[in-house]
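Next, two complexes with subunit A in common: one pairs it with subunit B, the other with subunit C.
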Partner chain A sequence: MTVTASLRSNRWRVIRRSATFWVGGFIVLMWVVFAVFGDFVTPYDPQGTPQDLLTRLQPPSAEHWFGTDSLGRDVLSRVLAGARRVLTVSLSATLLGTIAGTTLGLVIGYFGGIVDDIISRVLDAFLSIPLVITGMLALAALGANELGVIIVIGLVFTPIIAKTVRAAVLGERQLDYVTAAQLRKENPFYVLFVEILPNVFGVVIVEFTVRLGYAIFTVLALSFLGFGIEPSIPDWGLMINQHRGQLTGNIWWPVLFPSLAIASLVVGVNLLADAMSQAFE
Partner chain B sequence: MTNESAVSSQPVLEVENLAIQYKIGTDWKTAVRDINFTIGPGESYGLVGESGCGKTTIAMAIMHYLSRNGRVSEGSIRLNGHEFVDLSRRQLRDARVNDISMVYQDPGTSLNPSLRIGAQVADVFELLGVPKGQHRDRVIEILKKVQIADPVRVVERYPHQLSGGMLQRVVIAMAIASEPALLVLDEPTTGLDATVEAEVLDLVAGLRHEIGTSVLFISHNLAVIRKMCDRTCVLYAGRMMAEGPTEEIFTEPRHPYTVGLLRCLPNPDAGSRDEMSLDTIPGFLPPLGAEIPGCVYADRCAMSEDICIEVEPGLNDVGGGRVSRCHFPDEAPNLPRTVAADPVERVKSGQTLVEIKGASKTFMQDGHPVYALSNIDLEIKVGETVGLVGESGSGKSTLAKVLLGIHTPDDGTVITLSGDELASELERRGQEEIGAVQMVFQNPDSALNRRHSVHRIIGRAVQLLRGGRRNEREERIKSLLREVRMGMQHYNSKPRQLSGGLKQRVAIARAFAGSPALVVCDEPTSALDVSVQAAIINLLSELQVEENVAYLFISHDLNVVRYIADRVAVMYLGRLMEVGTSDRVFSGPNHPYTEALLSASPELGEDKRIRLEGEIPEPSNPPSGCVFQTRCPRKIGEICETVEPELVEAEPGWFKRCHIPVEELRAMQMGSSA
Partner chain C sequence: MSRFVLRRIGLALITLVLLSILVFIGTQLLPGDVGRRILGPFATQEAVDALNARLGTDRPVHIQYWDWIISAITGDLGFSISFSRPVNELLGRALGNSLKLAALAFVVVVPLSLLGGIFAALRRGTAVDRVITVGGLSATVIPEFVSGIVLIIVFAVFLRWLPGTAAAPQGAGFLTQLRHLILPAIPLVLVLFGYIARITRAGVIEALDADYTRTAILKGLPRSTVIRRDVLRNALLPTIAVVASQIGYLIGGLVVVEVLFNYQGIGKLLFDAANNADFPLLAGGVLVVGAAFQVSMLLADLAYSWLNPRIRLG
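Here is the complex of A and B:
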């Protein structure tokens, strides 16, 4: 009795006590702040001004901590401003995939039978296609804008999340509270979203944070490859792509700093995901 | 019971001043303290108590299996005179191989699912240093010793291919292979069917005499402990409350907790619920590590006085080798009742409420039919309780689910409610019909949505089964809570904030939301502690009178069925084998299957001793003739194998499905019990 009674408070205690959570949370929060308030904190205009062309490819210095790029724009400003795009696109995509995947997982897990068999096989087939390649193909066909990127990543995540949620729902469906709901002729929408969903929400949260890490990688990989991005918008993937040719000329700063930004954000999100799965699983 | 075994010199196990702590958060909290007992050679010692009393903790400490956040903080455990608390890893390993073995509750998790039985048992002989060439012979020998009929075939099997009873035999075989000085059995039969439990208990008792090992037997089941142990210790909240020779502990208890526990159990001698209501133990177990200056039981004890709250009593000698941790041990037998003994008055109308006719249910499994129910006729009258008993797999739950509309029965099944035919599918039943037939589940943890408040759980059922405006529904929720004797302080609680008994009350309130005429109770008390069980049974009895509701009461606990049921139906392999009034069924003579069930019950079975062999046949391939003939100890001959007997009314109101005439059954059964 006492064990179950303290389960929820325990969960938050586990999270609060976890160094992983605080470190990951700090890193992610930092990038979220830059994404939201980027315009106020960037030392220079990330889009650059015509005068910038006079100060092209300068190494890190007191004025330009991270140096300047091939158009003379401040790399620090562009890195900070770049957080907005990657975060909005990957968060939207993950949110889309989580909502669609959770709904699909609830439905096939609860109703089971032939619907489950067919959809699960289709999902398996879907899962066997590599993410970036699917994304490139779909974007090439759909036209490469941000909405396209969000939809493509969301759709690719849907079956992955659906399968995880389905497994959790299968466990819940065995429990008698679901039978009790049937015994009062409960409507399926209530059973799925009011009875079962709150009990699998931990799984959904864990899945969301794990997927967010992958989404960030995918968004940046696609923009590195030139998909779904307008060249003027500050974006880490694009920055790396535009300057990777100059690495051989010992011009490392326009590549290194966006790379570090990517690494820190992905590590931060993954730390959060670890903390969540420790608490919820 | 064998007391003479305790005379020999050196005790096998000596536990002295044992205290065990668990780390909760940053603090070490004492779970168990001041435990002292010894087990002599060949002696069987019982630890009994409700959940949370510390019995498994003690066993784990003895075995060095405490979880990482647990430690022995004080005291000593000596095995054959050698200190056992601070052993090196090597010494511990040797001790586990040679001197001490343990059998756990669930045999399914004690065995490796991916290894054959033979290989797993052979591992034990490997550890014992038996040469490889002899392994197979030794394995088969030890399996024979635990009465596995066909050991040559069993060694080739994987665990999932064997039944629970068979697996527990294998685990016991592995435990006794080294002929250990001490065998620890932790709830070894909990979760097994009563018939299987009886066999396993017989086996343990037999082996104990054969190899002379000492036994530490842990159980929550007083009847099992009473049957199996020479001496017993009653634990409560990590403290020894009473200790002494088992018979005296149970027949002349000198501690109010023991007295209270025994009164909570339905007892054939005390009569059914029309004669006497059960006594209960109010209140809750103190939380782990609570600092209690006085007696830990004082706040639940009906005879506690000021001194009990202020001063903790010592273990007082109360004569006959017994000790009792009570200030007033001599007054314990006169413990005042907490519940009035007067039963609730009932008026039985005798009108038919539900009539099930020709109910059959066939499942299709991989293209093969599985006959789960076969032609069941059963009548339930207004306001009566029909007990439904049988081993697991006998079709009790399937019958309940057909009645509830969860399973759609085969064509030809007719179920009527108050004379009107009830649609077989839930979807086609109207709101009133659905509200009229409800269910209370076995495990409230599973039956209540752990994310929903009491208010939502009951409120949603009221909304769908009864309807009405919002304020009317609120009134109904409150009156339901009052009916199940719950205070308004629980209105917004989540299930995790409630004790097991309170959770079951919420589940009962939900079932009564639509003013049902029939409630199916599927083992409603078997997941609860004894003291809580009594309160729930009393509640169900009282509600039955207040609401004039009928119960279909499924239970494996025959004493509970005997106490609460007006009539009893016995099922085997999807068929009714015997139906009759509770008095008639429990006084006999019975269908041979019922006889076996009654014999298997540790409380009831003292004088009737027949045992069933083998397992329930596959329902996809039922035996020819009488379905029970393959296991029947009373089989009379060929007719049993060729002709399936009908369920006939052999006496007024008593039905049996057996070829043997009632007079012959009487001669066989009453004769063998004399």
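Here is the complex of A and C:
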């Protein structure tokens, strides 16, 4: 117990000292705050009002720092409000994949055998199609909506996360505490979830943060392509998609600012993931 | 060696079969009533039935799969619904275009990222190393359409140095085509750079710390000789596999880049197919993309084993 405890506090020390963790954490926290409290901080109504149509496509100014879009809506307000959709969809998809993948990984790692081989092959087949294409295909087949995006990304993540967790479980299975639990004739699921899971939790956390980065990437790529979106909800990918045609007319602000928002969020999440994997591996 | 090769080819074949089943499920089973998906909710039932009969989607599932996969193996991927053209013809032209773009990106990124990774490893812990590592990581994670948009704004809208679309005018010469492909290639280069440089750096650092390197240095060999003969030769081996595995990500990136720059490649074709619920085209395209990925992974593994004496002789 003391060994584990000191290992844990050691990890915390590594994380606390890492500049990557603080920078990444700050950026992500900022966007989470906007996602949660967006309605209170946006200077204008992100959904727009009929009066907005009088101020269409205004360049950045003192009243509209990021300018206005083709319907006269304030771009800054839409960028801030857009954090909510990408974060909820990506987080839900990643959580789904992590829970399903961890469960699957624990089971196949512990029981092994033929299931293990089958999962590895199916995973290989899955991974030979890029995630964006899998997403497009599934959304074209099922009809596109937000829930579809969450399920598709979660399902693709499941075997990937399962593979990593499985490898960690294989390492734990040999250890004395597992043998002890087995000799006590504990229920296998008790051994898996109460004994082994806490010890592979670091792996799960790292995998979660890394996958979250990929999920954000994919959610935004799909909404940029026009898949799985509700047009009324502010979304960064959709904003870019709707206004990129106007770039030729020198109207860059409705496209540039959501792009910078995406860049900052993905870099932030990946800095966090980097710090996590350095601390846990 | 031959046992390893046979085993590896066997695994690739199994994966390909599974892939074809997944693609079949995604394009023929998930849509449910294919005719209804294509014609929409307002079409009459007779029209839907007629279309299903014409497409063969009214037959039992296993027969449909068998027919589809046998034709695919013999090189016939069916007929595109939205383009009214054979899928083969459409895919062939699109793949040719994508290959040009991908080749340009690869020619630039492979030497650049290898040098970057080696440079960072040899100066491990310095500011240069941090810049390459963090810069590379950031470049890798920023989606291609984001870097693409910024490039278009800076180089096509503000500076007007380069065209903002990838499509060159009909019958344009090589240099004009190249000029149109520069901006679309850069987002692909950025995404691949960080990844390949990172793996190269890790490989070089591992080799630098290895005992054989210590021995070579203690033997009194000059540093440049040790790096060339011992470090790089050992470090670059794993990188080959990584470069090949990136082909999958490259194709994923092609979708958004080709849509953004309006380029008629495989990514744009799959995008159009998905938008038009053109399932035969989608099935053929995804199958070809997946197979291309599997073949490149296979070739990478074979090259790796051929270059690695422990596998070649073992």
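In this section, the second predicted complex is superposed on the first by the 276 of 281 C-alpha atoms of A that agree within 3 Å, B and C clash if a C-alpha of one lies under 4 Å from a C-alpha of the other, contacts with A are read in each partner's own complex, and residues count from 1 in each chain.
Here is the rule we use: contacts are C-beta pairs under 8 Å (C-beta built on N, C-alpha and C of every residue); 3 or more make two chains touch, one makes a residue touch a chain.
Source: prediction; values computed, not measured.
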Looking at A:176 after the superposition, I want to know if it touches subunit B, subunit C, both of them or none. Which is it: first, second, both, neither? first
Per the overlay, which chain contacts more subunit A residues, subunit B or subunit C? C
Touching A:198 in the superposition: subunit B (first), subunit C (second), both, neither? first
Where does A:184 make contact in the superposed view: on subunit B (first), on subunit C (second), on both, or on neither? first
So, does A:116 touch the first partner subunit B, the second partner subunit C, both, or neither? neither
Return first, second, both or neither, reflecting whether A:52 touches subunit B, subunit C, both chains, or no partner chain. neither
Write out the stretch or stretches of subunit B touching subunit A in their complex. 25, 52, 287-288, 404, 406, 426-427, 429, 431, 434-435, 438-439, 441-443, 445-452, 460-461, 464-465, 495-497, 499-500, 507, 510, 513-514
Under the touch definition given earlier, write down the residues of subunit C that touch subunit A in their complex. 11, 14-16, 18-19, 21-23, 26-27, 30-31, 37, 134, 137-138, 140-147, 149-150, 152-153, 156-158, 164, 248-249, 251-253, 255-256, 259-260, 270-271, 273-275, 277, 279, 282, 286, 289-291, 293-294, 297
Subunit C partner contacts - residues on subunit A that touch it in the complex: 20, 121-122, 124-134, 136-142, 213, 217, 220-221, 224-227, 237, 240, 244, 247-248, 250, 252, 255-256, 259, 262-263, 266-267, 269-271, 274
Listed in rising order, subunit A residues that touch subunit B in their complex are 1-2, 4-5, 7-8, 13, 175-177, 179-180, 182-186, 190, 195, 198-199
